[in-house]
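What follows is a pair of complexes built around chain A, which joins chain B in one and chain C in the other.
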Partner chain A sequence: MGPTGAAPPHPDEIGGPAQPLLGVRGLVKHFPLRGGWLGGARGVVRAVDGVDFTIRKGETLGLVGESGCGKSTTSRLLMRLLEPTAGEVILDGQGVGAGGLGRRDYCRQVQMVFQDSYASLNPRLPVEESIAFAPRVHGTPAREALAKARELLAAVGLEPAQFGWRYPHALSGGQRQRVNIARALALRPRLVILDEPVSALDKSVEAQVLNLLCDLKDRFGLTYLFISHDLNVVQYMADRVMVMYLGRVAEIGPVEAIFGRPAHPYTAALLASRPTMDPDRRRTEAPLSGDPPNPVDPPSGCRFRTRCAHAEPVCAVTEPPLAPLGDGHAAACLMALPGSGHSRAPATTEAAHAA
Partner chain B sequence: MSDLALPAAAVPAAPAGASYWAGVRKRLMRDPVSLVCAAVLLLMLAAILLAPVIAPYGPYTGSVLRRLKPIGFPGYVLGTDEQGRDMLTRLLFGGRLSWFLGITPVVLAFGVGGLLGLVAGFAGGWVNMLIMRTTDVFYAFPSVLLAVAISGALGTGIGNAILSLTLVFIPQIIRVTESVTTGVRNLDYVESARASGAGAMTIVRVHVLPNVLGPVFVYATSLISVSMILASGLSFLGLGTQPPEPEWGLMLNTLRAAIYTQPLIAMLPGLCIFVTSLCFNLLSDGLRAAMDVR
Partner chain C sequence: MPPDSANPPGAAPPLVHARDLTVRFVTRDATVHAVNGVDFDLAQGEVLCILGESGSGKSVTLRALMRLNPPGVTRVSGTLRVGGHDMVAASARAVADLRGGLVSMIFQEPMTALDPIFTIGRQIRETILRHEKVSGAEADRRALELLELVQIPSAKRRLAAYPHELSGGLRQRAMIAIALSCRPKLLLADEPTTALDATVQIQILLLLRQLQRELGMGVVFVTHDLGVAGEIADRIAVMYAGRFIEEGPTGALMRAPLHPYAQGLLGATVHGQRRGTPLTTIPGSPPNLERLPEGCAFAPRCPYTEPACLAAVPAPRRPVPDRAARCIRVPDTAQPPAGIAA
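After this line comes the complex of A and B, so read on.
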């Protein structure tokens, strides 16, 4: 699913279709852990600990992982709601932050939809006012902003005359999430971060909202970062998938590769944890046991080794880099890295020649 | 808060915000308790404002010959006090000062405490620490004791009574405002407003203040009755209002000697304080219910 020809090029378009829309390099967020009554730091929570990835123009990048793996922190870092401890974010070739793209310009191009549809709308504002807020902040006159808000309400399938003046509590969960989507689109962004946008909705509404998101993507030429813990939804929505574990990227690649040929044991375990529809293929033991380790003190070497069935002594020593597997597929596992010392690692070319 | 440096964009107040208050009024109108309380308070307010017109005598004119006459004594509907002054007149004039002492400290504390609480809640970090820990120092004392101590240290007089009551209420209002603001600040709609690139002042004005003001206002309304009782208490103790000024708390004090001879008369100022503070309390309860948007 590349960019479709339906939408005209965005006015902020710079680098052409080949340049990634968003590049993330070495993104780190450590939260100081405060303890004692004087508030001295007792350590840091390594919520996001060195993450690199790119989002191509017009694609949907799915982001999956257990709770606490750093999905939400990543989304808030990208939205600049949190200041990163280290690392850089590049939007269409432009650096972001000091000396680069300013906060307001960045916000105009990157917007976000939150999981909790009720908490993300001001209860004291009619929904059309909530949608019109961002354009007003960016200098659109009130009347024009309101007209734009009504247009967007229609675009997300809500009759403006019927819903515009209502307060959030008078709408259903699905309607509220449509309003939130309209609100995120009000600045005509290029990248929309969808942080679990359908997790709080029931199944029938979920499907409608997902279809709406697909339609809007074509219509407005959007790029999505789609965060979810629901693997089926990600498989349906995403072009590429990134799997995170304990603040790091475990595996990244095209959706067919991730779901068809998972190279990281964590991805394989996640996929195996999906309930099957076939009662004969019911599994009797949990694919993954226990909770992820404490991100204050992550395991040495490979962070997944404490729960991995294939862990070997080398895993505690070497931190696995993202090993390319071709086709943009890469996994941070020593079993995917030639010559890593793991017994299941592929043979290096020299070793193959020697044999 | 680096955000504070950003220029606040001009966002006109939401025109549709009025319909929220229309809803509040509608719900308040359906609540009989609130309606009765509001009616009693309005009646009382009208009576004390019109005291010079409707009072049958002057507030200071008395006669030793007509001391402590019972309720219904000819010419004195509510009898006379220990100096032969007409009780109805004294109560009407006394209400002016009692109401003034009840409302002024709360209004002042609402302004100062609300602002400090909002800043503490929205800014967080060391600003919050500074404001809240200072608040805790005041909070450590029971409010009656604090009011008496400050008033006693400052000396007698109405101005000092108001000042001491304001100082008693500021920490309480800071506490409530800070906790409401902290709760609102962490909600996603404030985050999404930040994500739209808005400056801190705009976010506070459009998204934080309207959601904080309601609960704090209701809390402040409930403090009016406390303020009235504390002010009466200060007058009773001889701090605050001085005789022969009519004030309900002070009247209660001077009439206490007559409690065995004319118990009904001695109770009248207390009854006024009781009814007024009860009405303010019930009205603030009704207001809280009416302002709840599910």
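After this line comes the complex of A and C, so read on.
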């Protein structure tokens, strides 16, 4: 599943396969907390607090983290369901927003599938109408849009004659999620944001939907941002993985590097928190204690230091930048940054890459 | 799925003894056959995980153990004894008295299971005073002890906290404290870690395992997550369409499941499969519990179905002494345990 899929190039293709499909620079979203004196703000929730990453053409970027880490806010910012406080989003070389790509053109190319398959469908529309809705808004004649909707239903494994006229309540969770996927594909997008698409499904159905997502990716030449709290699923689906903690990127890199040699202690703890399938090798100690802190008032310096076993005084004063470790692997930890002042930091950049 | 017989003389009676347990929900429009003949014994201090997908009857089975299914529409039949008490025939009042001291439950969503308008301390105190004859001061002292037992930091201050002031992990610990407040012999847990973050889930699982060992409780733990079952269970029962279709020790069952449904479930669970190779799936969907198929309920989805599968519900078959599966393809070679008439 390299950057060039089997599908022909997308009509919106501009920059060639080497140019990232999506670039995000300095993305920030602060939510004001109301209820202060005279109704003023009494602080801000730093949901996303300075995030940079790119998504390459044809890849699946996995996004993992715990509640409050900003993964859902990030997805909603990318979908433009929220206006960012600061930062920019670049789609295939074109800026998005004022002076750049308009909302209509952007949303045609970026679509989303949500976790709650029922809440994200209009309960008063037959599902084929739901799928045809966006193309009609974008100017496709109604009859054509409906014909296309039925084709998409077939593509996601639902017999159009049997399921097309049904309302969402008459479908099972797995079937509804297939409809949501079909709807996301109706505008022929390039990037599909999958926000916990299988978390609400039973295991046997989850596997069906994951297989479907892999098939569709090849067939339509898609790029995925796959958000999940289930590390096993991310390991199976993703080419690269981004780990977020309290609104910042903790670590990003190829899936083999993240799962094989995690450089950030938070990534290591997340991996070690996975329940084993083998009762003879049960965990005896929890890798982390406590819950993730509140993003209203994140710790100074490194945000993970309050739960980190290797925290030193320097971690409280220096906010770690993403330190490159080679092969696109980078971690925001002073232990990975040469000369950071942390006792476990490598002496030189070469030493860091060798680690 | 032990043989249908009384206990051998001399052995300690099991904490839970269920035979042909059946739960139906009867309304004017429909009858839902949620649990269709479940047999199991749980020994004191044993942890049984009931593993199943939504609609398999796992939560209904659990709720039957302390009669929490909605009165009026629920019809229970068969034998169900918890700590020697008949949970099918006992009066509502008698069952209410058994809750807390004999059997108690922790739920999936602590925010909805805890009362939002009372402090954590008050909710523990209330539970203790309802079930035991102790003074208010003694109940308060026990409440503090319990919060320390479930490892809530600054326990004294947290007694005065309302549920919304706690994080998800602390809330779940507070609910465990309430469930343990009258020292139950049997703890029921309905997906207690499903709503928690990964790093918190493992903490709660370890806490439950430690408390179970220290207090010697029997635990029935319901989950859809194989990994969670692997961390906590001594034995696993896989449920499908209201029946235990397979039961056995955790390690053996997870390494080599016998029943085609259990095999499919294990294959469909993502755990280290190679990327690029499609996952195993189980075709179709679970049966409608209003109209169960004749014979094996899994037959319509099973790759090995033959006419005999449709004739009658397969009886449990035992290839080795402590494992059983309701599938006609499983060899029935093991003798029933000594001392038990078949």
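Here is the rule we go by: the second predicted complex is superposed on the first by the 342 of 355 C-alpha atoms of A that agree within 3 Å, B and C clash if a C-alpha of one lies under 4 Å from a C-alpha of the other, contacts with A are read in each partner's own complex, and residues count from 1 in each chain.
Note that contacts are C-beta pairs under 8 Å (C-beta built on N, C-alpha and C of every residue); 3 or more make two chains touch, one makes a residue touch a chain.
From a predicted model like this one, the values you see are computed outputs, not experimental measurements.
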| Would chain B and chain C fit next to each other on chain A once aligned, or clash? | fit
| query | Is A:59 in contact with chain B, with chain C, with both, or with neither (first, second, both, neither)? | reply | neither
| query | Is A:204 touching the first partner chain B, the second partner chain C, both, or neither of them? | reply | second
| Should A:167 be classified as contacting the first partner (chain B), the second (chain C), both, or neither? | first
| said: So in the superposed three-chain picture, is A:103 touching just chain B, just chain C, both, or none of them (first/second/both/neither)? | reply: first
| remark: After superposition on A, vertex chain A (C-alpha centre) with arms to chain B and chain C, in degrees to the nearest 10, comes to 70
| query | With the two structures laid over each other on chain A, which partner does A:139 touch: chain B (first), chain C (second), both, or neither? | reply | first
| request: Figure out whether A:251 sits in contact with chain B (first) or chain C (second), or with both, or with neither. | output: neither
| said: Taking the superposition on A as described, I'd like to know which of chain B and chain C A:112 touches: first, second, both or neither. | reply: first
| request: Could you grab the smallest C-alpha gap between chain B and chain C in the overlay, to the nearest Å? | output: 13
| said: Per the definitions at the top, what is the overlap between the chain A residues touching chain B and those touching chain C? | reply: none
| Residue ranges of chain B in contact with chain A within the complex | 6, 9, 11-12, 14, 16-17, 19-20, 129, 187-189, 191-199, 202, 206-207, 210-211, 293-294
| field | Touching residues (chain side chain C, partner chain A) in the complex | value | 53-54, 153, 167-170, 197-203, 205-206, 224-228, 230-231, 233, 250-251, 254, 264-265, 267-273, 275-276, 278-282, 285
| task | Would you tell me which residues of chain A are touching chain C in their complex? | result | 1, 66-67, 172, 174, 202-208, 210-211, 214, 229-233, 235-237, 255, 269-270, 273-280, 282-292
| request: Can you check the complex and tell me which residues of chain A touch chain B? | output: 39, 76, 79-81, 103-104, 106-108, 111-112, 114-116, 119-126, 129-130, 133-134, 136-139, 142, 165, 167, 169, 180, 183-184, 187
